[in-house]
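Written below as structure tokens is the structure these notes are about.
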Amino acid sequence: MKNGKLVRITAIFFALMLCFTILSRAADQLSVAVVKTERPQNQMIEHVVKASGRVVQNQELAVTTLPDQRVTAIYVREGQRVAKGDLLFEVDTTLLEEKILDQQQEMEKQELLVKDAKSQKEVSAQQRANSQAQAAEQYSLSTRQAGVQLSRAKQQLDEAKKKLKKFRKSAESGKSSGSEKKDSEVEDALLQALQEKTDAYVAAQGELRALEWEIENAVYMAKQDAMAGTTAGTTSGMTAGAVQGATSGTGSGDAAEATLTMEEKTFTGSAEDVDEAGTSTDTGEGAEVTPQEVDEGDAEIVPETVCEDETFADDAIVDSISALPGDEIDLDLEIESVSSESTDEQGMGDGSTGDLGVNVSGGIDLGGNDGEETDTDAGIGNVADSDLDVSGSPVGSDLNANIKDAGDLYAGELIVDDVQDAVLPRMPTPEELTQIEQTVRANYSGQLAEAQQKLSDAQAEKEAAEAALVKYQQEQLAADNSENAQTAQQLAEAVKAAQQLYEDAALAANEAAVTSGRAVATANIADPSNSSDRMNEITYEQMELTLEKLEGLKKAKGKVCAEADGLITKINVMTGEKTLDTTALLMADLSKGYRFTADITKEQQKYIGTGDLVSLSSGDGKQKLEELPVESVAADESDENIYHVTVQLPEDSFAIGATVNLDFSRKSEAYSVTVPLSALHLDSKQQPYVLVAEEYDSIMGTEQRARRMNVTVLEQNERYAALAEGAIGSETEIIVQSDKAVDDGSRVRVET
Amino acid sequence: MRRRREKKKDKRKKDFAGVLFLLPGFAGVVCFTLLPFAEVIKRSFQSAVTAKWVGWTNYMTVFTNTAFRMAAMNTLRFTSVCIPLLVALSLVLAVVLQKLRAGKNLLKSMLLIPVAVPAASVVLVWKVLFHSNGLLNGLLLKLGAQKVGWMTSGAAFSVLVVSYLWKNLGYDMILWLAGLAGIPEDIYEAARVDGAGEWKCFTRITIPNLLPSLYTITVLSFLNSFKVFREAWLVAGDYPHQSMYLLQHLYNNWFRELSFDKISAAAVVNAIVVLALILVLRRSWERE
Amino acid sequence: MTKKFVRGITYLPLILLAGVICFPMLFAATGVFMQQWELEDYLAPVLAGADGMASWPLLPHAPTLRSLVELLLDSPQFFVMFWNSLKISLCILIGQTVFGVPAAWGLARFEFPGKQAVLLLYIVLMLMPFQVLMLPQYLVLDRFRLLDTHAAVILPAVFSTFPVFIMYRFFCGIPEAILEAARIDGAGHLQIFFRIGIPLGAAGIVSSGILGFLESWNMIEQPMTFLKTKSLWPLSLFLPEIGLAEVGLGFAAAFMMLVPALLLFLSGQEYLEQGIAAAALKE
């Protein structure tokens, strides 16, 4: 029947549909990812730092013995614990004795060598003293000669003057007095003026010479300093001081002031000298101030000290010379008052005043000598004083200028260079030396120019005075009617010639003083140091030391013992072999404790720091120590990704060299949303996200699918990640595991 | 014949046993349709949310609602166009088919298939057919005609008519065929003996004899005319072109908008109209 | 000759009409054997808004069962809905039979007061479009907490009045003489109903069953209104949701939905015709 067939077909159709239903469901289940979900936990993120490290000693002791000794026996082995005083090894005593003998002989040789060198040195010192004495003698001789010549010239001049006066008087007596008398007074005054001017001129000349000498000296000293490489240590007088002032001026005004103070000190010191001298004058002994005394004072300052201590002597010389202008400033008032007296009265006290000035100036003995021998000397001293007074101030202002100019770039750089050169012990180049010389000369240029100016001024005044005198005398002559005119003329000429002579002598005296002074200074310059004898001595001393050691070893019968409790970590010697220069054996000093060190990664380093309490356990897990503070966490020098953790261990905890595991966990604050790391994914843009299982109403019924949720990771460790709260709540089912790749929208089946 | 059957009926015992047979089914009807409908009637006088008594307000709202007016007009237009068309077409078809000897059953089956075809299965076909880029417009273009916006213009109404005819032609044809089969062949033979032609036979014998069936066919066509909404909705969605916006669309949309007050009033009105229609039809049929 | 010619001529429009009426089914059937790309090729102007006109070949260019296989083996969702549809339809069918047949029998074979009113009520309710009854049904289902269950779709359909109307017509056609004879033999009401009424009215029951099944298989509005959970949906709601991306699957699904209906239609066509015709019979 047709209908029956169709009914059957219908039945078959529905049966087929049933089969397909089952088949399709089976196929569908295969494609669905089976996932595990977890709810976010409220917990802390724990950062666990695990590292394996070793126990090492805090301090290692090196046991050394003398080299080249034969080891006869070793009583310890590596890894052995030894107590303080335990015998470590022994060396051959016979060989030791031989060595000692050798050493003693060597020492004798050395001793002889030292003696030879000493005698050699004494001889050369003697020679040197002799030459110095000669120079000093030469100096005093030449100055004295010059003084004698000068005084002779003076006498001649005076005589010439007297003759002229006498002639005049006789001539006048013949004539009417009155106006004549007046005339002679006028002429006297003129002569007097001429005399003064001439003295001034000579003094200026002397001053210029002294200044030039001083400059040369300063240049030499500066060069010497530069060569020696010394700066601040030695007081190198005004030159160095000036340079130093300038240098420190570049740095700070304080240093400059310090230099100034130093200057003042020098000055004060000298002033005291002057005071002393002044006191002696006040006590009435002024007239008795003898050249010897002056000489003694000089000697105190200059030559004798040189003999005693070369360095100091050098300084003293320079001091005494450089102190000159500064001293004069202070002395100024006193001297002026005295000099006004001396000019008017030409009293004996003047001499003492002059001495006083000379005493202070030190370098210029000439003044002192003159003061003693002639009246005019006082004048010279006076003039010199006042001149120096004037010349002193520019130096001061010069110094100030130096300090002020400290800001000046060129000078600053230059001087800094100098200082650097001086500090660094290296030879200055010729250019630098020239530079130093220029600097020094520049410092003096103002002073020099002043002195030269003064000299030329004095000369001009002197010539003017001469001219005035000549004119007056000619007028006088012209006025003289008589035959006397001829004689008067001749006499005047003679006076003039004597005057000329006197001037020349004075200049020559100056010259002589400077030249011989220079010779003295040269003689005072020290010989180049010779340290070979000292070196010999040192060698000797070293030998002595070695011998002592050898004998010590001998005394211990060649036995080497442990100096502290410890553990032998390394033995470098071998029985029968000779000891080398290196350590004989190494031992861990147990008394100093030991520590644990381990390497951790940079990542781990973030979570562990000094002071954190860690637990340590031995490799086999038998021993465990808790709550030990981390001593340090330091980066490796070579690899910045490796950090070293150090933990000090209590005594008798772990054996040295043992492998120990470190455990530490740092807990963060509690996060309300933490998920296992496996739940966290990163997309191609590095955006972190989690997949959340959510139910949805599908044709198949209630199904679950994965939905992507972007998250912000606050913190994470190896296992968990803390997420910012937001879309994810405590009820959210987060997919943590899946047997297939799951993406946003994928159908999933949550395994329970 | 009818009278005879009525006599028979009169002979039947008046028996309340019939009520027992009816009761389970009727209880269900009451439960699932009548009582809730009573609730709807009550609601039609209440406001939607507060259930406050508002009298005829809802009815006024519905009657003044332009969408309701339009939908009602469309529905009226649709039924007044479709039902006569369908009835006439299916009658012609039935008469023609009745005369056929071969292939009668096959054609009948083919024409009846749409009854069985679920609307959802052919919704894709409708879409492809009536889309502005669809097959029908493609055919029109090939024939040199202009494109017609089937779903976007007044033509949507004709789409509605066509789909209705497609679905119900076979069904109505079967109904007519049953009616035709109820006419005794001897009447025709007697008429032919009297010298009546084919046409005369049709108008004088067939039509009068089919008139009783007309009532049922019209009612069933009317019933099925509501089901055209299914196709219309599947193809055009909730808001189709306004020429095919039927009352069903409107109710559906109101229901979705939860305008229970409006939908209640409209349902009551609709029910009254249907009742009135049935009564009118029945009256005319009983007069026959 | 002329009569034969005229008869031949009349076939032509009939065949043409039959072809037009069957075209949608042919269309759907062709689509089943096309691959996705081929379907997209033809239908893109319609479904994806591409330029040009959609076209449709009479036969697939590259026939394949791929879509069908994919639907049957890889789409468990389809089966869920398929069985949903079947469940709903069968439940409705059984319910209609259980409640409708006695009601129709009672209306047809007994006289009692108010019978005409009930009949009128049934007819009126039968003619009510679903949209009118939607709200009342919704209210009652809501009250019984049946919304979003299959019962929400099944129960109102079980008590629909159309099958009762059809069967009523059939039962009316049973000659009174047979029932009278049975009564004389002493048969009770139930005996008569089961022994005579049902066997004699079987055709009506089957035809109303077929009509009821087709109706419920085709049901869209009711599940759409009363079912929210997708897993409860019948197949008729799944198909309209198919877009171009799954158009191959859509054709296959439409075909699979068509198959049971057609099978039922073909196997019960006789009864169906009888059932339809029964309504047209004079009372």
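Lettered A, B and C in written order, each chain numbered from 1.
The rule is short, and it goes like this: a residue touches a chain if its C-beta (ideal position, glycine included) is under 8 Å from a C-beta of that chain, and two chains touch if they have at least 3 such contacts.
Note that this is a predicted model, so its numbers are computed, not measured.
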Fill in the blank from the handout: Taking the mean of all protein C-alpha atoms as the centre, the chain whose own C-alpha mean lies closest is A
Exercise for the section: Look at the interfaces B-C and A-C and say which one is made up of more C-beta pairs in contact. Expected result: B-C
Practice task
Using mean C-alpha positions as chain centres, tell me how far subunit A is from subunit B in Å, no decimals.
Solution key: 119
Exercise for the section: Could you give the separation in Å between the centres of subunit B and subunit C, each centre being the mean of its C-alpha atoms? Expected result: 16
Completion exercise
Distance in whole angstrom between the CA centres of subunit A and subunit C is 113
Handout entry: Contacts with two or more other chains, residues of subunit C listed in rising order
Key = 238, 264, 266
Exercise for the section: Please list all residues of subunit A that touch 2 or more other chains. Expected result: none
Practice task
Would you give the residues of subunit B that are in contact with at least 2 other chains, written as numbers and ranges?
Solution key: none
Fill in the blank from the handout: Listed in rising order, subunit B residues that touch subunit C in their complex are 1-2, 5, 8-9, 11-26, 28-29, 31-37, 39-40, 93, 96-97, 99-100, 103, 107-129, 131, 133-135, 137-138, 141, 166, 169-171, 174-179, 181-182, 212-213, 216-217, 219-220, 222-223, 226, 229-230, 233-234, 247-248, 251-252, 255, 260, 263-264, 266-267, 270-271, 274-275, 278-279, 282
Handout entry: For the subunit C and subunit A complex, residues of the former touching the latter
Key = 72-83, 86, 229-231, 233, 238, 256, 259-260, 263-264, 266-268, 270
Exercise for the section: Would you pull the subunit C residues touching subunit B in the complex into a rising list? Expected result: 7, 10-11, 14-15, 17-18, 21-25, 27-28, 31, 43, 45-47, 50, 52-56, 98-100, 102-103, 105-107, 109-112, 115, 118, 120-140, 155-156, 158-159, 161-162, 164, 176, 189, 193, 214, 217-218, 220-221, 225, 235-240, 242, 247, 250-251, 254-255, 257-258, 261-262, 264-266, 269, 272-273, 276-283
Practice task
Would you tell me which residues of subunit A are touching subunit C in their complex?
Solution key: 3, 6-7, 9-10, 13-14, 17, 20-21, 23-25, 27-28, 697-702
